[in-house]
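Each chain carries a letter (A, B, C and D) given by its place in the written order, and its residues are counted from 1.
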Amino acid sequence: MVEETVELRGHIIDSLLLPKVLDQVLARGAEFEIEQIDIGVRRSDPSHARIRLRADSKSDMDELLVALKVHGAEAIESEDAGLVAADIEGAFPEGFYSTTNLRTLVRFHGEWLEVENQEMDRGIVVNASAGRAFCTPMHRIRRGDMVVVGHRGVRVIPLERQARGQLFEFMGSDISPEKPKLAVVREVARELWKCRGEKKKTLFVGGPAVIHTGAGGSLAYLVREGFISVLLAGNGLAAHDIEYALYGTSLGVRLSDGSLVQGGHRNHLRAINAIRRAGSIKAAVESGLLTRGVMHACVTKGVPFVLAGSIRDDGPLPEVITDVVAAADAMRQHIRGAYLALVVASTLHAVAVGNILPAETRLVAVDINPASLTKLMDRGSFQTIGVVSDAGLFLRELVEFLQKGCSQ
Amino acid sequence: MVEETVELRGHIIDSLLLPKVLDQVLARGAEFEIEQIDIGVRRSDPSHARIRLRADSKSDMDELLVALKVHGAEAIESEDAGLVAADIEGAFPEGFYSTTNLRTLVRFHGEWLEVENQEMDRGIVVNASAGRAFCTPMHRIRRGDMVVVGHRGVRVIPLERQARGQLFEFMGSDISPEKPKLAVVREVARELWKCRGEKKKTLFVGGPAVIHTGAGGSLAYLVREGFISVLLAGNGLAAHDIEYALYGTSLGVRLSDGSLVQGGHRNHLRAINAIRRAGSIKAAVESGLLTRGVMHACVTKGVPFVLAGSIRDDGPLPEVITDVVAAADAMRQHIRGAYLALVVASTLHAVAVGNILPAETRLVAVDINPASLTKLMDRGSFQTIGVVSDAGLFLRELVEFLQKGCSQ
Amino acid sequence: MVEETVELRGHIIDSLLLPKVLDQVLARGAEFEIEQIDIGVRRSDPSHARIRLRADSKSDMDELLVALKVHGAEAIESEDAGLVAADIEGAFPEGFYSTTNLRTLVRFHGEWLEVENQEMDRGIVVNASAGRAFCTPMHRIRRGDMVVVGHRGVRVIPLERQARGQLFEFMGSDISPEKPKLAVVREVARELWKCRGEKKKTLFVGGPAVIHTGAGGSLAYLVREGFISVLLAGNGLAAHDIEYALYGTSLGVRLSDGSLVQGGHRNHLRAINAIRRAGSIKAAVESGLLTRGVMHACVTKGVPFVLAGSIRDDGPLPEVITDVVAAADAMRQHIRGAYLALVVASTLHAVAVGNILPAETRLVAVDINPASLTKLMDRGSFQTIGVVSDAGLFLRELVEFLQKGCSQ
Amino acid sequence: MVEETVELRGHIIDSLLLPKVLDQVLARGAEFEIEQIDIGVRRSDPSHARIRLRADSKSDMDELLVALKVHGAEAIESEDAGLVAADIEGAFPEGFYSTTNLRTLVRFHGEWLEVENQEMDRGIVVNASAGRAFCTPMHRIRRGDMVVVGHRGVRVIPLERQARGQLFEFMGSDISPEKPKLAVVREVARELWKCRGEKKKTLFVGGPAVIHTGAGGSLAYLVREGFISVLLAGNGLAAHDIEYALYGTSLGVRLSDGSLVQGGHRNHLRAINAIRRAGSIKAAVESGLLTRGVMHACVTKGVPFVLAGSIRDDGPLPEVITDVVAAADAMRQHIRGAYLALVVASTLHAVAVGNILPAETRLVAVDINPASLTKLMDRGSFQTIGVVSDAGLFLRELVEFLQKGCSQ
């Protein structure tokens, strides 16, 4: 039998940290004994617990300690993080520590360094000379990088319940389609309004259905009026938006009267071709070819966008980054410091963004298909709200409420 | 080999009747030979075809002729329909003819009688003395009723494409969730507007999610303003509507500000209990207990409603018809002559109404779950449009457009 | 400010009871102070907490105490439950206590009586002379019944985590469609095997898709071999099963070779008619008309079944209980003491059974549509596992594994 | 008014070509007159129709003729296809002809050239010196390429109903989840069996859920036994397969006993890292690191695979083609001449493959989510069957039936 003692601090009852720790211990066939517990008498008071763990083997204990780390449990006797130099380009050494999307610290020469650029499923590289630590994707590892191995000397700071906003407080992470949508629309509107006022960064991640369902005008409004700081999408959203701007259709909807017309799909290809002939979306705006829509709003308002390629793309449009590793890197640059991500009718980009967002960034995902939302929740993103709703009608209501200054 | 000759008349090319007939023949391993065909040169011209069929046996041919009947193919040599007296209460004689929801005629003493009260999956009873024929459910058969057996002397009139309205023309029966909802909302609004103007009967069939998603006010508007002639629902819709009216909540939504509150479910039971104490919904309106909402609108505007019971009901409310056979009979009385049925967020009632509606009645079904719509389409209802959308936002937009007089 | 002190006992950390209590307090804008807490040092040790609550008003405090009751929190100073005589047939007095599906006790003359026939959303009637308390649906209330009002003197015993079995331990209540189905199939098979060995009551609740997807033979096997104690279904499942038995089809599948044939729907009506002519399903088995299938297995093996009517039924079959209140009452009689309920491809009956099952009964629900499972989870049933899978292939694998004696 | 005469030949009634043509004419507000029609008297006899069209303007007529072309209608007076030299790299000239996935011919110097490498949504480049025509994606256009513009001199050969196999005959393109899966499984098995015997090329397109749902072993069997000619997938399927092979888990399922274990996600990253350290999947097989699973079977049996990158990829694995345009080009090379594509639990790759497959290739898509299938059907792929089923149980049954030599 191997024994170890861990400590938990903070709102460990209220934020469910203590029960989750005990749950993990039992689920893995280990045992616990609560050596000491001090529980705050009021909500604002922090609590503290010291727990003795017993597992069958050293490797079981190691596994357990890694699992508990996510809930903030930390071994009482601390040591420096293990570091091994990368021996191969683009790969971690054996035994590398794999990150979560939670704030993380590593102990280096007795000091706790905050890990920068936190993402999930990456490694940690310590730059000894600079005294800094970086969350680093596998493909960026260079030979000689000092990579954290094992789990000793790594501390994870779990999200506490208080960190969540009003919206996240009342929604939970429930994705029932029978929820009243109007209330959610209004809370999201209020969050966007507050973000704009407080100059907090907001991301919009969208799939082509944003345009098909007729919400292009609403999204263009959000961009123009400063509610969106960055647009993350693919070839589809941009192509359908441009098709709409150039020919008045998106998969067969005529802009002027909402009626359906034939031949929509051909327009899609014509639109992509027209932009490729112009050289780029930006050039098409500047030459006066592209005069309205989401992409036009981004270019004229200076809202940056990343269009990531996918194998199903037609064309693609010139600004599309066809190398997916480069595209993910471009997304990374833009998401740093984001407060809120609004994800609408997108599965692929939603999961991609979910993978690289730190846990602190709030995420509201809207999709008519509950399965797309479930997939996003499954990926371990914290602070995520899933709303089962029609993208078009949702965004329309959102804009209407923003236009009224978020008052009834 | 058994041979038979059938004829087809009308818009047999344009309405896909001829291809469907040939398809059926081949799918059943039979053979055809087109003996004669005259095709109208313009759309308005009817066409005519005479087709020789060959099947392996008499019973195969009989099966084939039944299947072709739905597409309007009729044996050339006509005879009177076979009639057998029912020998048992509540059951058809062996070999009974099972109806479709299409207009049907039976030959009796050389004359073609139009079958009244047309529904799908029923039998046909001929009242010889009155010279009338009635579509009759199994449970209503009385001993001695003259029931049509076999398929001879029965003529089915297929729907022709022209019979469909504008909305049905452009939607097809497609249920893709990526369709632009605003265009559909507006077409539905225009249909309702036209129906009110032309005094055509409209049905609203709804599930409890109409209320949960916050659309109760929109539905009450439709009832109050005369856009709905009959409401078909269950205990759930009425109970949640009344809960909302009495306590301001429906599964936890507060009416005044759209915020979510706790304890909603208990209110549901309290609401039902309050109405049971009052004696009935009607009595609760008259006594001043119930002062707003969908059911209040029905009672005060004299819009009839049928609340059909189901085994999952709490209470139920006094007006709920707990015997399902009686409930279906009550629905039958109210749907006769309906021009349009709007079905929102309902599976159970939607299928029930779909079963008893004649094919001529247009049906627009709105549900956030495509599977519910697929089920409805599967049941063989013609002239059905499925819209994958959020019930609450859909009805809100619908009412907003109606309030503007259906103009932008 | 109103103050009150409550106590919590048992596995209050491990079973998340303490955090849930604190969560409720804060969510309702009230405050807490943990006056005393003793936490068991080992898993098996019970814990105890005493919590001081502060709310703005007496009514807020009352609401709060009701909400906390579900998590086992109990006011420290106990008094007898309030009792009011029912003044109206079929309705509770104002202020009635509304039940959960958890084990409940009421204090009467200083003694705690266990409430019998526990169900959710009912009232509690105390029979003073017998010294017993009964969970009672609204429609069964007779004038003069002594009904519990308010929440004082009512104690609810929350489920503790330990009560859940192996299967429920590892599945959680997650309904992700990407879970490995084979592992779940085997766990369910082991549970059924154990139940048969230990003579524990098992329920099967199924929709018509059980038959359509080709699982009729598998279900008949479960009935014949004693794995199912009671079958709860509707007209649809029975009618399709009988159609299959009589004509070899269910919505067009031929039994012998799995190929699809035409005309399935007509066979459905013929099958119902044949049974109505025979008088009943039982009579059809006895006369030799019905010789195989699920219903045949029930009749010959003496496995009771309840067929509850719904408004979409054709026929219906003679054994169908068309009054839904009577049908729910019949279901009640059969579910008492059930250990496990297996719910397959059913929404309506699943929710109905979920409403009347006590929390202790384990429930495994299988449906290809995640939304149907979500609906079941939403209804507040504890100990529920949702499996997104094809009914036919799931039951086929289940039977195959049972036939091997649950060993690989 | 502009007039034009078109001709239709072949099974124009039976394959619904004539009705579709008339439908298009009317849907676009144009008029038709059937000048001549000769209908084959037996199924095998071809028919012929000559139809006079009237539209409001030259551009309406042009639009109409393009739309009718897909259904095989061809202007009676033929001329050479219009050709314009590309003026810009990677873009078509204005007015380019946009292809369908149907067999296409272009008239060049009075001769009809068959277009090679047929795909949907591409342009056509005529190589004058070689006398050949090629379907060409936008990004491959080089300055000076002679590109077909307008629609004159382009003939499209619609699929006729007879071209579909047995499986496609009885399934239709219906995607109802309530279909009996066993019958479909068996038909698919028989198709695979026949393809192997007749050395017809088969594609397998799969998403990661193939592995999560436990079907990796079944897929590896299909590869090993020669039922699959090419594997098209992404980083996810390969990474989960290798995780399973190396550590016995895929998202937490232990191979040996089907039980669930913790820490699955970390294994996923470890597996990718291990392969990156080995250099490639192929190298890992050769070095003895990778000894089982799908990718192992591909490498050892010489079955080619294309792993296309996506922005949500971790790692990725060395063989993954991260540039999506290059990945699509790699897929193109492998799909030429494919007879059957089996698509399981994949949305992204399914749509991508659907876009580049010619219409003749049969496609069977299996997914538990009907919406994924709908998306595939929406893209205009002909000869597509959608099966709503659990990937794991479907493939397990498929392999079991193949192992029995496709006999009961």
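Note that a contact is a pair of C-beta atoms (placed from the backbone, for glycine too) under 8 Å apart; a residue touches a chain by one contact, two chains touch by 3 or more.
Just so it is clear, the model here is predicted, and its values are computed rather than measured.
Ranking every chain by how far its Cα centroid lies from the centroid of chain C, the top place goes to D.
More C-beta pairs touch across one of B-D and B-C than the other; that pair is B-C. Chain A and chain B, compared by their mean Cα positions, are separated by 45 Å. In whole angstrom, the spacing between the mean C-alpha positions of chain B and chain D is 38.
The distance from the centre of chain B to the centre of chain C, each centre being the mean of the chain's C-alpha atoms, comes to 32 Å. For chain B, the set of residues touching two or more other chains reads 27, 177-178, 369, 371. Against chain D, the residues of chain B that register as touching in their complex are 13-14, 16, 18-19, 22-23, 26-27, 31-35, 37, 39-43, 169, 175-178, 370-371, 374, 378.
Chain C makes touch with chain B in their complex at residues 24, 27-28, 63, 66-67, 88, 90-92, 94, 96, 98, 121, 138-139, 262-263, 265-266, 268-270, 272-273, 276-277, 308-316, 322-328, 331, 347-349, 351-352, 355, 369, 371, 380. For chain A in complex with chain B, the touching residues are 170, 177-183, 186, 208-209, 212-214, 250-251, 253, 258-260, 368-369, 388-390, 392-394, 396-397.
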